[in-house]
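Sharing a structure with you now.
As written, the chains take the letters A, B and C, and residue 1 is the first residue of each chain.
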């Protein structure tokens, strides 16, 4: 709707949109602000918004109480590992379905997506037993595998929709030019699909980072990521707003920063490649 | 060397037979054009030769060797696609280098070949650009460049000019013919445009519904179409095909090309009224309505003919240029 | 469109993904089915053998079963309704010319990046706490009695928290769809004298149908299994026990694996009913 509008109209749009934007963002902003307050200021009545004594004390306390770096490292390994492993398995599968479609391709895609609807709790205990049996309980590798499996359908689906946009003739040209299947995927398909692959990678990294069922139920001390780190603050003794806020900020900051820097790919990724 | 033989080659998609078993030999150095209306199987036939599709039956031989099961990469053929199919993430140089890189050619040889191809195709100034920054004609040249550096046994062209505008198309047509004269390599060219077929081919293969209707040189097809389909398809404007009875002829279908109708204002076989007349300067095309005939007759007259809409004319086919076809559409000699 | 060679290559390349997912689906499913027919109490006597359909009967006849199904559906339906309606409104708004569009978009997307445990904790304590929560302050400021959100309006609160998390997703997808709307078509309609309301109903909304389908599909998948939000806020109390959470309690809190597994089978059946229903619509819509 590229059309000249009056500045008044534009100002009105701006005002409404900013008001709504800030309203939606407010809980996050409030959390970040509170993390710099003292506990007393955090629950002061009436609440203080900006004019308080800024302090980093809460961060120090949180760091001391729970080893943030280890949770962070676990989160990075688990989210990153599951995403990369998922991509390695999904790229060939998506290639198959996008470029050599058969009558069953759509059924397979929908079936894959439907596995995501299997309620996790329904199979929690069996997985728990299997994990004990295989020695995977509270290990990062175990979670990498589980999160890869739960996100695999989405990775395949997204890559499939991106690959579909690449004309098959280009891959055929590569074949005529003497490229083997490996060359075709490595030198032609993958570089062409970089934007799509980046979006897929980012979105699934975030989904894995935020996953809070398996990470809470399959980890204890060793492999616990940030979801578990923050969950430990839900117990009543942890209820100090400033510290809770500091811990929350620390848990979400990496993703927020990453999200803001890669907004374009993310927006594309968030639409799951399904809407143009 | 680039002799390609198709021996009872057939293609089915599921239950649909796209190409019934056919035989065809393409000689080394020949420029062969597959022409036919859309959906006639010409592209499929080309893809079978390329190895991008499997044959359902029969054998494809390249230079005498059975290549039926050989993957496309190993057939020694190069292909230029309708959409050009350039690699958008690579520069022109890298695009042209790709087949060489895949073949493991050393860098120095690669560079020399790319330079030579770029020079021949007027692409030297564009080697470091991306395909997205080029015009349609330039892209087409890159696609051709990518094909020639491989020094293939044969080139396959799949409607390479259909995405270009009319003026460029004429130019590229000449360039491709030129290229064939220089390289003397076998070329197989698919098009739905009979003008391209007539102007470029050594040998034309007319296809309809997967069947080869006729194989021959452009002039053979023009002068002696084997059946009514070829007669109507080759030549522009189209040959007039009327029921034999309306021409006082014993044949089932009576054919006469627009350029072989004599015009008179006093006497002739048919008497009709001029409808639309197209004055091109060099020629004039008249559409004449003849009472009792379902379709208009197209007449090609000289450029200065003064006839207009509504004028009455007499038309007479030149006796030695008449084509006659039987009830099955086959030519009667 | 391919040769035998590429078709067999395709099968080989598709195989790992299919086999992994098949294993991930079947192995635990079979185990769950097995347990669901057994009396299995790890802390109270262990595996005590087959009991037929006892677990199924007990689970479905328990007074918590139907309310939990209802709760699940209300949460999923409520969040879907809120996010789709607000998402359409926001998408139309964000599509208008304004200053700082990029920043507003970042603000709107932000909740999606927040992990569910964090958002649940922050909402529960810093906003919905009846004493120190921000809402309580606001209510007091206007002279009203602070609401005990998570006990008095527990469902509404949870729906609100989850909607806040998913609104960005809905908005973004719908915004992308709005931006692809043919502006000439809209201008033509405007020239024809169609007021905004008719343009919305007859042009914009039909155009958004596919995007809405995607939103509904993806969100349903995630919403059916929300866990952290309930785990952290109410722990399933005050009528917020979803089917998932009920099973979780049977398995982990009561350590009754057989009963929990029977519940799991019910949950799988429920998910499948929703899935078939959704796949029908989506399959149709994705063809277009």
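Heads up, the rule we're going with is that a residue touches a chain if its C-beta (ideal position, glycine included) is under 8 Å from a C-beta of that chain, and two chains touch if they have at least 3 such contacts.
These figures come from a predicted structure and were not determined experimentally.
> Nearest chain to the global Cα centroid?
A
> More contacting C-beta pairs: B-C or A-B?
Here the pair linked by more C-beta pairs in contact is A-B.
> Could you please state the distance in Å, as a whole number, between where the Cα atoms of chain A are centred and where those of chain C are centred?
Those two chain centres are 16 Å apart.
> Between chain A and chain B, tell me the centre distance in angstrom, where each centre is the average of that chain's C-alpha atoms.
Centre-to-centre distance between chain A and chain B: 54 Å.
> At what distance in angstrom does the C-alpha mean of chain C lie from that of chain B?
57
> Please list all residues of chain C that touch 2 or more other chains.
If we look for residues of chain C contacting two or more partner chains, we find 1-2.
> Multi-chain contacts only, two chains or more: what residues does chain B have there?
52, 71
> Name, in rising order, each residue of chain C that touches chain A in their complex.
Residues 1-2, 6-7, 9-11, 13-14, 16-18, 20-21, 24-25, 27-29, 31-32, 35, 90, 93-119, 121-123, 125-127, 132, 134, 137, 140-141, 164, 167-169, 172-173, 176-177, 180, 183, 186, 210-211, 214, 217-218, 220-221, 224-225, 227-228, 231-232, 243-245, 247-248, 251-252, 257, 260-261, 263-265, 267-268, 270-272, 274-275, 279, 282-283, 286.
> Please output the residues of chain B touching chain A within their complex, sorted ascending.
Those residues of chain B that touch chain A are 50, 52, 71-74, 77-79, 81-83, 85-90, 98-99, 102-103, 146, 150, 156.
> Given the complex with chain C, which residues does chain B contribute to the contact?
51-54, 71
> Could you list, by residue number, the parts of chain C that touch chain B in their complex?
Touching chain B from chain C are residues 1-5.
> In their shared complex, at which residues does chain A touch chain B?
167, 169-170, 172-180, 183, 187-188, 191-192, 194
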